[in-house]
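Order of writing sets the chain letters: A, B, C, D and E. Residues in each chain are counted from 1.
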């Protein structure tokens, strides 16, 4: 005990050591290996060897531009949709939920408790050409007679939106929940109508949550391949599908690794631009 | 690899190196495709019979959903010469060829498989394993067209129709297995899939690409077309013969045909991966090459049986099945189907072209 | 914006002194079972510094929030000037509020905080800038425009909150314990500052507090609240010198209450038999309590009313020395101002006589009689 | 103030229009919220409803008829049972380990000022900011290379490692959020009263942050049970429940999958519900 | 447990009054660049109620935390009795702390909170129960044993915190603004309660506060801190009547400081030419400030020292009335105790003469001279 007390400075490091060592070995080292792999060349039969093969990157960028763009586009769209759906919802819970808040919140994370694949399969059932959603929409003439939902980009985006919505909703909820009610009263006291009070006070104050939510939604969405695979067609395949197939089907590991890195950088760029646009200072305020 | 990693598929330590000990192991681990062996309730009669006869327990794993996927999963371990804890795995011709080429499999103990004599003649000498030193067919199958007349309104009998008939737009699926899809398309263009010419392949790719671009083809599937038919999402598709019975139970009225321009035939082969117990595996191979056992499996699986004499045995169990040309194809049927060029099937260039069409 | 709908443009608010700025007519507010405000009737004339004083939970904040429009009364009517505003939302009322914890917008600069109300009323450009700058000068915060609230000290934040409300020249400014979060020194400073500001501007201030010293220093009129109703309303010295209930006597400063029986001729026989003169008891019969403030009691027999006892405690607090003297009537507090350095002092254990002038007494209902 | 406005009936004609508008506005938001809930819960409802389906063939896609059989025999195939068992084992192990490691990190981050704080935070954040496929892929390259030859072959061990890895960050974030509000003086008070560091941790810190730790553990468990992508890449020959669903879905969608999916859902909801109710009890209505 | 290792068993702590209970020897504490405590030397004798008083940020809390063992001094030595405890952890020191926000363990009942320290020292069963019950009686909380802290009011929580510390019979009890979170009324009550408790127990209390009135009411000795060092140390009246620096004069109550030049004979020529007598200036040459407390000034020329001016403000605060009088020497505060009801009063605008006795003055360094 005395030892612990005397060496108080060491305590944080002792606490960090096991976890950080684990992350270092199983996150940083793999990243290094991935980087290494991405610069290898060769083929499955003769083996892949490290050779500064930057062409893997040029290849990745040029050949799969469409999928990259589509991934960013779908992820962006899904993020936007998730935001539009979840913001009013969590706003309602945070400000109208009263005693039931925690219970209502439970409904938001409910999808998490049904295995990812199962809920995506449920979407398949729901959106099936003979399913009731399509039939209803067709009866209402919102969808052409020969129209379909499954195997369209609509389905893929809807699936992605659905699967990552809780990631958007929870941080926004947290930031809304933390807003001091008196600030809204103060705004109304200063002649802001409810709408203005929302626009000028509530919304700006919830931006940190929106920021966190968009990142937590956008990042996994951009790398997803399940939704495109189960709900889409070749026209909807995303970069995640390509990486997946390079790893598991074509066994072209260097190319797959290069694609992974390009994906990470693309996400990083989008995130940085986004942070810049939103203004990082406002976020901390 | 040294100097900082990388994965490579250097030839494994397998091959025919070690002496085979003639002693049965306690357990046989058998990796197979789903729904590819006889089943009664929750028991598997032929496997139980094997256990009863030899005392070897069978651990049956339905883990092969896709050749590539299975290969991808174990490639790393196999390339390092590691045991993957599988005594038998069933893979399609071209993948079996790849496994052998990479040295990821062991030679059978032929002395333990006298029943190999029952192997149908047509399958005895594939180019990639001329003496069947490593492999033994499990089942063969045909690739053709399945369609649901309820929706299509009439028969769909050609690949041409499948890929261009606007009535079917968006309700057609093709297979992610390149040899199947490309084999059918190439035949539709009058090309020969047994010996793939790059130009013919490219032209078939173009045709397929057009069908994808026009929205005719909804998506590419493994045997998950099985669920698209009953859901009504798919009206006509490239499908495998053995699934017809299956499809018909979920989608009454479903029809299956060999396309006018010709279908494909393929074989799934039993292999003994590195680390597998050769003697036990060989003993099991011998067991299933007993026509009686083969017939029993066939009665449930409905693919094409590679075992001579099984037809007769099956006739004793279910005469109507024995007459089914999809299970015991007659000469006429066999004349309509071709085997895809095994080398082309594993050609990275061609594969990438095909992958590009299917979107990845 | 809401500008045309505003109850009365602020320009005229200084005009007619006739109608009171704020009027509550038997206003009741119930939260489920709790009656927070109970048939309260109240008028606040124009230009007044009005304090709502009372213990925690007596309904001060609720009253203020109803005036501000943040709560709707369960019953009763609220007028601003002569207009009924009972159902109007806050942004349609010509009052502004300084919230207890300031409620400054953390994401906006000081300037934008102050400009918030102006912008909502459509004021723009140079006009806006001028008004905001002027009010920031008034609260001595020039040069802080670009800071964010968290970069200011408590007292400075307080002044921003004032500026943000005052810049709108409201008819009435509501302040809910605006100094509660400040430390003693700063609180004293801000009391003077706010008082001076009110005098300069001539706007009606309604100030909620539970600190009686604060209310007395700042307000012209004080309403002492208890349990949702007003116990007494008057000027600070009215309330202090002539409290009308034991509650007010105790809540505003320290009171020694001596129980006794009045015979109606201005003298009261205390429970121990002593008779004291109390002009306030004139005309009252029966049990009463005679009140006397600690600072009005002298040590030594120098006046008409007297009691003897023993000094129990002595506490030196700089300005004055406070004694507790135990008498047959119970413990009595006495404050002696330390007007002379080292003034002769009595000590615990000393026997002393306490005396006070009859004019310094007040009379309230006996608490014993009440509780019996 | 919304509460007051909502509870009171319109009392005054002057404010009637305003009130009506306000009511509609509240109503709109509520309707929107209900629709959003429907969107969230519809697929779950489908999963649950179809767990009672009695499909004619192997595909539980078209509604055929109601039956309880699926619930009576959820493990009609030994493969399902084994997959579920593996999933639960991995989830239990990985959540325990990740929670322990993550809690320590969170403690260090919140409690101490030390050099390398920024780098630590970054290393916590990065795994969350990396798409799963990339995480899975890079881990796969590590396991394939097996640098010192000490790593297990692809299988149970590698899946466990992968799950612990991606859960740690989430645990750190969860526990940290609750630790920030923790009054440090409580620990000082304990030491002041004669408790040494270890006793202080066991008697004061641990009981107080237990809810946070539990939340972290539940989150890890949920993430682990649900993970497909990373597991898919690193599983070798072991089959977790999601992998089973993935494989099985190609040839057979049995109601058993729905039954297990629904069961996981119900169990999770029940646990959360108990937690919510427990918190209600701990903070009775009037308490401050 | 740690019981054998504790610095000194509490039983003997009342024994020898020779060594001071707490001694700090040129203790310095630096946080990065900030010097929180600067070469502080201090002795607290046994049985004393000692207050550390000073403005926010002056290092009071840091000093207390070093005594408690929560911070380690950068330099210097700390003794408890005659034992050097500088490097020892809190649980090896025979002191206990009452934290500002009480730091009660929310997951434990009141009983378990109080028993916490006893359990750590291996006390069990009936013995433990008796001690805990006894101390809870002492702080008037019998019957609350089974409650959780959040079920108690602020004042009750405060008393639990006291009980939890006192049950261990520490050599010294440290209190860090223990009353800061309470409201005025309750704060006054608890001041008396804690003071009485200390007198009963005879334990040394070190009490940190920034409220000078609190310090003056409660403490025997006060150390006024500023910027990490002690400005002046003494009894409350010492500090109040004879502050030795302008800082102390201003921090403890209100002081009127009149700048002037002393000629060494006990009289000071003020800047406007007036000469006032100030015995404290005897023997001092050059610029000084003459201090005089507002309550020591009379309105009217009744004493030797006098100044004339105009009444600017008047505030009635019940006990007294406070005036600000503007004079050539600057504004001067004057307090008049309201000893008589409706005592004759002066009003803003009136010209008055202020006077005071030379004995009521004190002399400190000139601030002007200092700043120049």
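Simple rule for what comes next: a residue touches a chain if its C-beta (ideal position, glycine included) is under 8 Å from a C-beta of that chain, and two chains touch if they have at least 3 such contacts.
If you're wondering where the values come from, they're calculated on a predicted model, not measured in any experiment.
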- Item | Co-neighbours of subunit D and subunit B - touch as defined | A
- Item | Labels of chains that are neighbours to subunit C and to subunit D | A, E
- Query: Expressed in steps between touching chains, what is the minimal separation of subunit B and subunit E?
  - Reply: 2
- Query: Chain with the smallest distance from its CA centroid to the overall CA centroid?
  - Reply: D
- Task: Return the chain pair with more inter-chain C-beta contacts, choosing between A-D and A-B.
- Result: A-D
- Gap in Å, rounded to a whole number, between the CA centres of subunit B and subunit A: 37
- Item | Whole-Å separation of chain centres (CA-atom averages), subunit D against subunit E | 52
- Whole-angstrom distance, CA centroid of subunit A to CA centroid of subunit C, is 55
- Message: Centroid from C-alpha atoms only, then distance subunit B to subunit C, rounded to Å. What do you get?
- Response: 91
- Per-residue multi-chain contacts in subunit B, two or more chains: 1, 5-7, 73, 227, 231
- Item | Residue numbers of subunit C (touch at least two other chains) | 69-70, 89-90
- Note on the structure: Multi-partner residues in subunit A (2 or more other chains touched) are 1, 5, 33, 36-37, 125, 128, 130, 185, 194, 244, 247-248, 253
- Item | Partner subunit A, residues of subunit B touching it in the complex | 1, 3-10, 66, 68-69, 71-73, 75, 101-102, 169-171, 212, 215, 217-220, 227, 231-233, 348, 351-352, 355-360
- Residue numbers on subunit E that touch subunit C, as the complex places them: 55-56, 183-185, 210-213, 216-217, 236-237, 240-241, 252-253, 293-296, 298, 315-320, 335, 337-342, 357, 359-360
- Message: Help me check something: in the complex, which residues belonging to subunit A touch subunit C?
- Response: 180, 182-183, 185-194, 196, 200-201, 204-205, 207, 282, 285
- Message: For the complex, give me every residue of subunit A touching subunit B.
- Response: 32-33, 36-37, 40, 42-50, 63, 67, 124-125, 128-131, 146, 148, 150-151, 232-237, 241-242, 244-253
- Can you list the residues on subunit D that touch subunit A in the complex? 1-3, 22, 25-26, 29-30, 32-33, 36-37, 39-44, 46-47, 50, 61-62, 100-102, 104-105, 107-108, 111-112, 114, 120, 123-124, 126-135, 137-142, 145, 147, 161-162, 164-165, 168-169, 172, 196-198, 222, 225-229, 233, 241-242, 245-246, 249, 253, 257-258, 261-262, 264-265, 268-269, 272-273, 276, 279-280
